[in-house]
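Consider the two complexes below, in which subunit A is the common component and subunit B and subunit C are the respective partners.
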Partner chain A sequence: MSPNKIRLVRFLVILGVVLLWEFYARVFATSSLSAAPSQVLAELWPKVLGEPRVRAAIGVTLIELIVAFVMSVVFGMLIGVLIGMTDIGRRSFYPVVLLLYGIPQAILLPLFVLIFGLGPASKIAFGFSHGIFPVIVNTIAGMRNVNPLLLRGAAAMGATRFEQLRYVMFPHMVTAVFTGLRLAMTLTLLGVLLAELFVSQGGIGFFTLLYAETFNPASLIALILTLALLAIVLNELVRMVEARFSRWKE
Partner chain B sequence: MIANDNLIIRTIQVGLFVALFGAWYFATRSGAAPLKLFLPAPELVWREMGVLLRSGQLWSALYVTITSIIKAYIIAVVVGIAVGFVVARSRTLVHMFEPVLSGMFAVPLTMFFPLFVLFFGIGPDSKVAYGATYAFFPIALNTIAAFSNVDDLYLRASRAMGASSWQQFRYVYMPAALPVTLTGMRIGFFICIASVLGGETLAATAGVGRATALAAELMETARLYAWIAFVVCMSVMLNLLALAVETRSERE
Partner chain C sequence: MEFPGRDPSQRVLALDDVSLDIRRGEFVCLLGPSGCGKSTLLNIIGGMLTQTSGSATVNGTPVTSPRPDDIAYVFQESTLFPWFTVLENFRLALKFRGVEDANWRDRAMQSLSAVGMEQFASHYPKQLSVGMKQRINLARGLCVGSEVLLLDEPFAALDEQTRMVLGEDLSILLARRGKTIVFVTHSLAEAVFLADRIVVMTARPGKVKASIEVPEPHPRSPDFMLTDAFQDIRKELYGLLRDEIRQTVAAMRVARDAQA
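Entry: the complex of A and B
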């Protein structure tokens, strides 16, 4: 099949699922537990996105996400470079990082709220603790992948430690680091949303809880779909930046 | 030289943990008031761990959590491998469904957790469904990748030598696809644990996650740390187990 035909069939499959959902929701389902796609769309505006408090909540969540992500990237790369710079450092601390990465962090969520409070700080901290590990791990992995010959060559030609990092290490680390950044974006969002759902004063967690507890599935699904769309846009953004930084390879 | 290196590395690692525990111990000794609120003394945590162990609270909570994890994981593996295998049968199906599945996996499914609670109730069922859904994606995606990348040459060769469909599946597809499928199953396993625990922390009536959240809500920090310590021990053991399984399957 040609790519266009495949795209068409894919679209039809998705359309079919949506229609089935509509049929199911209208004929069988209890209206307090599930909503048809048409009802969700009708709810999207003005009830959900038209409500200024919901828009503000989405804004707050976005800011939490961005702050947590930027912190993960900055500190993650810094720690990753520090650990990966020397052989001894990598071999002593890398297993420790992997061990910490393996802990299901959801269990720490109540502790984060206890320490950082109910406001945005606990969401940022929890998102950060999710996002920093893939950045560290992939930075270290990226540094290992650099051909030592190139580093020795640069050193022989008189490059300082910093110049070696800047002109040899960094360009070669791009692929691995961006794999880490994409993962970090997904995980930071996961962390922020988990913390939002756990306890929230004005973020989107407050509204998802409100809609779920008042059995208003149409609004709930509308809000969730908006966030899903945001998540996809953010992922694509990271992918675009990655394409920009990988250009030198072509 | 290498033995010497290993000694240095072990010393650094042990030193790190000793320093961490030392800092914890002396921080609680100094007795600053706000610190005491969320940093109980190590011996209090230790005593609380003993209380949880002896009173049976640990076992009843673990029982709920572990049965949820096992149920969710079995569902995810069976459905994930079945879907992955069926999709991987034809290139057209792969092109049609692979982008849809990986696109859905990129969206944090956590957002849908309130829907799971709405559909399946606040009991363990919603955590099972949530964990199974989350773990389904990596397993299905890896199974698709594994079965659709089997070298055509092997398939044609086995066909030419007269292999039946079953023999082809057993002796060509299975060995070729196993490593990538296993990777998917491992990722799925850890996602399953994390999402069941996360779900329990958010909304549940029982389980380790619920117990942790409850301890925090009641400001029983020693108990909170005790629960966290148990989960950390559990995850370290599981990681070591996964590592052992992996090195063993690599050797074969």
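Entry: the complex of A and C
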């Protein structure tokens, strides 16, 4: 199938779903519980995005997300390299990481709020607790299976341990690490939003709760759409950076 | 040279009582049956392995670790880093060696054109064929400017025809540069065509069985392969190797039966 045809089919299916939704919402649904796409779009501007307090809330959430993500990446890679670098590290600590990764963090959320308070700190901490694990795990995974011949070649050419790490290990790890980064981006967002929804004073969670409790589905869906768009944009950003680092793989 | 193995029963004596002097500027081929320790010997000369007894010296100094200033390596498979372009690979090789050369680009391009690959300087290794990659590995070995070049079956992964062409090119290249070369190979024809001297090794544990001179000046033309002199040396080598190969195969059978 030609790419154009694929795009056309995709577009038609999505259009169909939106139309069905519009039809359902206008004919059958209770207006205080759900809204049609056309109403949501009408609500998006100026009522939701035009409202300075909503925009500020989105900004707060975005900053929480970025801080949590950057922390996940920096600490995750650091810990991953430290654990993955030696056989003993991998054998003794990797199982611990996997064990922690397996705990559903949602049950720890009240604890995070208790420790870090009601403000942004608890959201960042919770997002971080989600984001760091995929970074660690994929960093460790990336350090394995490096072609030993390349390391030997580098050693034969006189590369120091650090140069072997910098020019052989790290480039080899790029693919795996970026898999981790994309996962981390999604999970950090999840963590931040969960914490926002749990308790919030000024972030996006505050407004989703407000819209839901005042039976204002159009505004609620408009806000959710904005968030979804944000997540997609952030994910694409990570993908673009990855593509830049992966030119050699064509 | 002895490898310990996981327990004493797996201990392997790879090389036994090997004594070999290689002159400056000489092209020596190490020839022997599989598993006879040719590569082990090469790795000891290159400082990639440390021998369990005895000594190895290059230019009068004992070799204990890789010495990129004196010794360059070309392996059986490409060791070009796939994430860098060809040119970046050269730059890195010089950097690893500690050469901060402002003219590194010219130097790399010169080596590349010596093997006819200059138009691929900005390609990534993935975009090149196996033969092209080996040419570039060879060029990189030449580029770093070390006096000794160790080649561990560099053409083993290539098809017969590419191999012959590369062999010819190598002969021409080396005639000009006067490097000292140790070349490990399985191929009798390759050994006779390239080497000044062929060292035939025994089945494991590897010893030097014979040392045969090839009195033919470099560069050698493919016509050399058609001469009687070439055929005679090749026959002599075959005679020397045949028993060793039999012995290797027999030893493998014994090991297999012991396992069964």
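By our rule, the second predicted complex is superposed on the first by the 245 of 250 C-alpha atoms of A that agree within 3 Å, B and C clash if a C-alpha of one lies under 4 Å from a C-alpha of the other, contacts with A are read in each partner's own complex, and residues count from 1 in each chain.
Operating definition for what follows: a contact is a pair of C-beta atoms (placed from the backbone, for glycine too) under 8 Å apart; a residue touches a chain by one contact, two chains touch by 3 or more.
Quick caveat, the model's predicted, so the values are computed rather than measured.
Superimposing the complexes on subunit A yields a three-chain arrangement in which subunit B and subunit C fit side by side.
Look at A:A231: by the touch rule set out above, it reaches subunit B but stays clear of subunit C. When the two structures are aligned on the shared chain, A:G153 is found in touch with subunit C, with no touch to subunit B.
Applying the stated contact rule after C-alpha superposition, one finds that A:S122 touches neither subunit B nor subunit C. Of the two partner chains, neither subunit B nor subunit C is touched by A:S219. In the superposition on chain A, A:N138 makes contact with neither subunit B nor subunit C.
Using C-alpha centres, the superposed arrangement gives subunit A a vertex angle toward subunit B and subunit C of 90 degrees, stated as a multiple of 10.
When the two structures are aligned on the shared chain, A:L99 is found in touch with subunit B, with no touch to subunit C. Once chain A of one complex is fitted onto chain A of the other, the partner contacts of A:P171 are limited to subunit C, with no touch recorded for subunit B. Taking subunit A as the reference, the larger set of touched residues comes from B, when subunit B and subunit C are compared. Annotation: superposed on chain A, subunit B and subunit C show a minimal Cα-Cα gap of 8 Å. On subunit B, the positions that touch subunit A within their shared complex are 5, 8-9, 12-13, 16, 37-38, 92, 95-97, 99-100, 103, 106-108, 110-115, 117-119, 190, 193-195, 197-198, 201-202, 208-209, 212-213, 215-217, 219, 221, 224-225, 227-228, 231-232, 235-236, 238-239. Across the complex, subunit B is touched by residues 1, 3, 6, 9-10, 13-14, 33-34, 88, 91-93, 95-96, 99, 102-111, 113-115, 186, 189-190, 193-194, 197-198, 208-209, 211-212, 215, 217, 220-221, 224, 227-228, 231-232, 235 of subunit A.
For subunit A in complex with subunit C, the residues that touch the partner chain are 149-150, 152-159, 163, 167-168, 171-172, 174, 247-250.
Of all residues in subunit C, those touching subunit A in their complex are 46, 48, 66-69, 71-73, 75, 77, 79, 81-85, 92-93, 95-98, 124-127, 144.
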